[in-house]
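These are the structures, in C-alpha cells.
Note that chain A is present in both complexes that follow, paired respectively with chain B and with chain C.
Showing the complex of A and B:
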C-alpha cells in the first residue's frame, strides 16, 4: 500500500475563549488515500468543521493546533508557513463551504471569480482564464454557461451558486476536496443533483474527497468510509453498510436511531433511553378528540408585486388533526403559513377558522381578534425567533400578557413555569437569554411560547430544520405528545418528507404556490401520484443498508 | 443587574482605553454635579487687582482680565456644557430613534417622505443652521439645546431606520405579532431596545460633538452670554489676550473641552460591548 494522500495523527486543536482554553479536537487520527471519499458525520459542536479547517490551516486566530501531525502527500504541514501553504490551497487541496452565497464575492461576476482562482496558481492571460472558466462551468453543468460567466452571485439560485463553488474548487485539479456541509440549505432535489455532480467529478478526476455532513443518509450514499465524531473525538470509523447496519459505539447507535427513515416512528426515534420528558398518562387516540372542521382555506391567493407566491390554494383541517405541508423553497409554504397565522394579508380568497371568516380582518388588526390566541406559530430558526433582549421567561410571558390578560403577577409566573414544565425546559433556565441556551432549549422556549395561551391550531414552520438529529427526535416526540395532551391541531410545514410522514395523518404537496397532491400520508408515501411527489421522495438520501442496496449504491 | 456589572467589568478589563474614557466621563459628571460647590474661588466674582496673573499655587490656571480664577471657571463651566449636550442628545435620540424606527418598520410612502426630508435637512451646513436658529429664537439655553438637537436629528433617524429595516422580517418580530403585539408595540417594546447597543455608540460620539457645538455657538457670541462660565466663552474671551502672551486664558478651557470630547468619543465602542446582551456569556 502506498502512503496515504492525507494523514492526521493524534490531532489536538484548542480555542482560546474568555472562559479559558476549550479543546475542540481531542486527539483524532484519520487517513485518506488518493481518490477515496471519506465522510465525517457528527452533530454541531462535534468538531467536524474544525477538523477540515485545521487540515486547510484556516483556523482563526483563537484556534491552535496543540498536538499531533497533519501530513499531506508525505509532507508535514502541521506548522508549515504561509509560503508553503499558499500554493497548496486551491491547487492541491480546496474547500467547498456550507453557504455558497456567502462564500462568493457579491460584487464580482462568477466567471471572473473562477478565473481569479486559476490565475492565482497558473500564469494565464485573461482570455485563457475566461476560456478555462467557461469549460469549468460546462463541467459542473450549469445551464447556459456562457451567459453565467458574467452573472453576479445574486442573479443565480442557491444550487447554481454551489455549482460555481464546485467549479472554483476543482479549477486547479486539486488532489483533495473538502466539502463542508455542501448541500445544507439547498432543496432536497437540488441536493441530489449537486451531490451527484460532486461524486461524479471527483471520481472522473481521481480526486479524494472529505464530505462533512450531519446527514447520515448523505454520507452513506456518497462515501466509501465514514468517521463518526462526537465531542472532538472519532468514536467509530467503518464502511457505511457496517456502520449503519451494525453500529458499535453507543453514540453511533443513538445517531442512527434518531435519524428518520422510511419506516421509523416518533417513538422509535427517541428509543428507550429517552427519560427527559416525563411519561404522559395514557391518552385517548387523536381521533377521539376530533370535533368538526377547524380550518377551511378556500381559493387563497397571495401576490408579491408581480409574482404569485400562493396560487389558488384550498384545503381544510379537522379539529385534532395534523396536516403536513411539503414543498421546496419557493413553493409558497412559508407564505401560506403566515397567511393562516394572519401575519400577512391575502390577495384574495377566504380563511375560515372555527366557522368564522378570519381572512376578513386585516392582519394589522388581528392582534385584537379573539382568534389570535387560538392560532399560534412555531418557527424554523429558534434562535432567530426569540428576542435577544428577552429572557426565556419574558418570551413565554409575552403572549400571556398580551392575549390572556395576565399582569406581572405570581399567576403569570406560575403559568410560565407550567408551560416550561410542559415542554421539558428546566425552570432554572427561565432567566437565561437566548444566546445562553442551546438549540434544543431555544426550540423548547419557542414551543412553550406558542402553547402558553392554549391555542387550538399550531402552525409549525419547519420546527426542526435547524436542529441536530438527536435534538430533532426529542422535539418531535415532544410535539407529538403535546398535540395529544393539549388537543391541538397541527399544520406542519416541512421539506423533510420522513418527518411529515411520522407527524401527520394527511399531507399536502405544494409546488410553486399550487397544490399538486393531497391525501393520507401513508398513501402519498407508498404510492405517490404526482410526478413531483415522486421526484421529492426519490431525492431523499437513505442510509438503511437494505434500501441502499436496493437502489444500487 | 449584577450580571450586567460583571460583564461591564469584563469588557473594561480587556479594554483599558474604555476604562480611561469611562473614568474621565465619570469625573466630568461628578464635576458637573458638585463642581460649583468645590471650586476654590467664586467663578464669577471679579477681583481686578489680581487680573491676568499667570498660573501659580494660589491660582492654578491663572486669572483672567477681571481677576477671576480660571480654574474655578473651567470647573464651573462643566455643568452647563454637559447639561446642554446631554439634553440636546437625549432630545434628538428620543425623537430620531422613534421616527427612524417607525420609518424602517413601516417602509413605503412614510419612509420615502421622511427620508427626503432628512436629506433636505442634511443638505444645510448644519452649524450655520444651528446659528440661524439661535439667532432667530434668541440665545437662551433652551434654544441652544433645541438647535443642537435638530441638527443631530437626521443622523439618528437614518441610523435607527437602517437598524430596524434589517430586522423587520426577523423571526422574533413575527413571533411578537403572533403573541398579540400591535405594530406600535413591536417597534417600541421589541425593535427599539434591540437597536440600543448600536445607538449607544452614536449617542456617545454625539455627546462630544454636541459639547463642541454648544461651545462653538458661545464662541461666536450666539450661545450662553458672559459672565456665565462656559468653555466656549472662556476660549472666546481668552483669545483676545493670546497675542500678549497670556496663554493660560485659552489653553485650560480649550484643554477641558478637548478632553471632554475625547472621553465621550472613546467611550462609544466600549459602551456597545457592554450593552449588547449577546456579548455576555
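Showing the complex of A and C:
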C-alpha cells in the first residue's frame, strides 16, 4: 500500500470572532488515496467547507490551524509558506466552489481566466494558452466553445459557469480536486450533467476528488467512501452502501431519516423530532370547507419584453388541496406564483379566486382588496424576507395590523402569540430580531406571518430550499399539519421533486412557461408521461434502491 | 463593435437628457445675478462722481432698463447664437475670455487629478492589503489632513515650505516664469504645447510652476479617492473569484492587480467624476492663491465687480464641463464593466 495522496491527522481549526475563539474543526482525521472519491456530508456549520479550505490553506485571516497535520503527497503543508503552496494550488490540488457565477471574475472573459490558470503554472504564450483553453472548454462539453472563449460570466448560465470553473480546475491536471457543493443552486438536470462530467473527468484523468455536499443522494451516487461530519468532527466514515444501509452513529441515522427519498413520507422524515413542536389545540377553524373550487387559472400569459415567461397556463385548485408546481429555472414557476399572489400583472388570461376575478384587479392596488388576506406567501429565503429591523413579534403582527385592522392592543399580542404557538416558535423568541434566530426559527416566523391573517391559500415559493435536511423535515411536517388543521390550500413551488411528492396531492410540471404534465402526484412520480418529467425524475440522485429497502423506509 | 454602438447610443441619449438641465442652469444663474445686490451700471460708471445721466446711459447700453423677463429672453436669444455677452471689466467678449483662460484651469485640474490618482490608488491598495496596519493608519492620517485643511491654507503652507523655506519651487505667480518665452499656442496646455515644439526649457518652467498648485488640489481630493479605493479593494478581496484565483495558484501580483484592482476600480471611476467636479469648484481658491490665470479666478473677479456676463458664462461652462465629465465617466464605466452594456 503506497502512502495516501492526502492525509489529515487530528486537525483543529479555530476562528477568532467577536465573541472569542470558536473551534470550527475539532480533531478530524481523513485520508485519501490517489484516484479515490471521498464524500464529506453534513449540515451547515458542520465544518465540511472549513476542512476543504484548510487543506487548500485558503482559510481567511480569522481562521487558524491550531493543531494537527495536513500531508499532501508525503509533504507536510500544514504550515507551508505561500512560496510552496502557490505552485501546488491549481497544478496539484485545485478546487471548485458553490455559486460558480460568483466564483468567476465578472469583468474578465472566461477564456482569459482559464488561460490565467494555465500560464500561472506553465510557460505558455498567449496564443498557446488560448488554444489550450479552447480544448478545455471542449473537454467540459460547452456548446460553441470558440464563441464562449470571449464570453463574460454573466453571459453564461449557472451550469455553463460551473463547467468553465471545472475547466479551470482541471487545466493543469491536478492530482486532487476538491468540489465544495459544486451543484447547489443548479437545476436538477444541470446538476446531473455537471456531476457526471466531474465523475467522468476525474476518472479519466486519475484524479482524486473530495465532494463536499449536504445532499446524501449525491454523495451516495458519486463517492466511493463517505465521511459524515457533525459540529467539527467526523462521526462516521464508510462506503455509501454500508453508511446508508446501516448507519451506526445516531447523527447519521437522523440525517438519513430526514433526507427525502423516492418513497419517504412527511411523517417518516421527522421521526421522534416532531414531538418538539408543542401540539397546539386546533383552531376554531374558519369552517375548513373541503371541496369547492378555490382557484381557477385560465390561459394565463405573462410576457417580459420579448420573452414569454408564462405561456397559456390553465389549472385549478380545490379548497383544502395542495398543488405542486415543479420546473427548472426559467420554467416560469416563480412568475406564475407571483401572478397568482397578484404581485405582478398578467399580460392576458384570468385568475378566479373563490369565484371572484382577481386577475382584473391591478397588482398595484391588490393590497386594498379583501382577497389580500386570503392569499399569503411563504418565501424561499427566510432571512432576506424578514425586515431586519422588525422583531419576530413585529413581523407576525405586521399583516394583522395592515390587513386585519388590529391596533396595538392586547388582542394583537394574543393573536401573535397564538400564531407563534401554532408554528412551534417559543414565545420567548418573539422579541428577537432575525439575525438572532436560526434558519429554522426564521422559517417559522415567516410561516407564522403568512398564516396570521388566516388565509385560505398559501403560496409557498421553495420554502425549504435554503434549509438543512433535518430542519427541512421538521418544517415540512409543520406545514403539512397546518394545512390539515386549518383547511388551507397550498400552491407549493419547488425544484425538489421528492418534497413535492410528499407535500402535494396533485402536481403540475412546467417547462419554458408551459404545462407539460399535470396529474395526481403519485401517478406522475410512478409513471411519468412527458419525456421532460421522466428526465427530471431520472436526474434526482437517490440512495441505492436496495439500500433504501434495507433502511426500511 | 456592438459595445461601441451601444455606448454611442447611450452618449447621445445622455446629451439630449442634459439639455433641459443646462437650460435650467442658464435661467437660474441669470435670475440669481439679478437678485444679488449691486448695480453694475454704478460700478462701471467712469468715477464716483459720475452723474445720474451717465449711469442711466450705461444702464440703457447694457439693456438693464428693460423688465427682467425681457432681459431674460434677450439673454437666451443671445445664448442660442453662442453669444455669451461682453465682460464690462475686460471689455472682451466673454466667450473669448473663457476660451483663452480655460486651458489654464483644465491643465491644472487634470494634472491635479492625475497626481491625486497616482497617489491615492497605491495608498488605497496598500491600506486594503494590510487593514489596521501602520500603513493603513498613516494613509488615514494623510487623508484626514488633506480633507480637513482648506485649499487656501494648504496652498499657503506649501508655498511657505517649498518656495520660502526650501526654495524648490519658483515664484508662485502665473503659469510661466516671465523670462521664459511662451511656446506657440496649439492646445493652450503649456505642457503639451512646449512638448510639441520640443521646447524643453519652457516645459520644465511650466511644470515647475504647475506642481505646487496641482499638489495643493491633489491633497484636497486625495481622501475620497484613497478611501474609496481602500473600501472597494477590501470588499473585492473577500469575494469568491479572488478565492478562486488563490485556489488555482495565480500569483499574488496577478490576483491583486488584475483580479482585485480592476474590479475595485469600478466604484472609483464613479467617484472620479464627482471628484473632478469638486476640483473645478476648488479651483477658485487655488487659482487665487497662486495667481493662476484660469477661468475660476476670472469669474471670481467678475462676481466681485457685479459683472453679470462673465459669471453667467462661467457657470454655464462649468455645467457643460460637468455634463461632459459625466459622459466620459459613463463611457469609461461601460468599457470597464462588460455587464453595464447588457442591461
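Criterion: the second predicted complex is superposed on the first by the 532 of 553 C-alpha atoms of A that agree within 3 Å, B and C clash if a C-alpha of one lies under 4 Å from a C-alpha of the other, contacts with A are read in each partner's own complex, and residues count from 1 in each chain.
One rule holds in what follows: a residue touches a chain if its C-beta (ideal position, glycine included) is under 8 Å from a C-beta of that chain, and two chains touch if they have at least 3 such contacts.
Keep in mind that this is a model prediction, so the values were computed, not measured.
Colleague: Scan A:105 for contacts with chain B and chain C and give back first, second, both or neither.
Modeller: Once the two structures are laid over each other on A, A:105 reaches chain C alone.
Colleague: In the superposed arrangement, which partner chain does A:152 touch: chain B (first), chain C (second), both, or neither?
Modeller: second
Colleague: Applying the document's definition of touch, where does A:360 land relative to chain B and chain C: first, second, both, or neither?
Modeller: A:360 sits against neither chain B nor chain C.
Colleague: Per the contact definition in the header, classify A:86: touching chain B only (first), chain C only (second), both, or neither.
Modeller: It touches chain C, and chain B stays clear.
Colleague: After superposition on the shared chain, which partner residues are touched by A:19: those of chain B (first), chain C (second), both, or neither?
Modeller: In the superposition, A:19 touches chain B alone.
Colleague: Would you check which partner chain A:403 touches, where first means chain B only, second means chain C only, and both and neither mean what they say?
Modeller: first
Colleague: Report for A:370: first if it touches chain B alone, second if chain C alone, otherwise both or neither.
Modeller: In the superposition, A:370 contacts neither chain B nor chain C.
Colleague: Inside the complex, what are the residues of chain B that reach chain A?
Modeller: 10, 170-172, 174-183, 185, 190, 193-194, 277-278, 280-281
Colleague: State the interface residues of chain A toward chain B in the complex, per the touch definition above.
Modeller: Contact set of chain A toward chain B: 18-19, 338, 341, 343, 364, 367-368, 372-373, 375-377, 379-381, 384-389, 395, 398-399, 402-403, 433, 435-436, 446, 449-450.
Colleague: Quick one: which bits of chain A touch chain C in the complex? Just the residue numbers, please.
Modeller: Chain A residues touching chain C: 56, 58, 60, 82, 86-91, 94-95, 97, 99, 102-108, 116-117, 120-121, 152, 154-155, 165, 168-169, 171-172.
Colleague: Once bound in the complex, which stretches of chain C touch chain A?
Modeller: 238-241, 243-252, 254, 258-259, 262-263, 266, 336-339, 342
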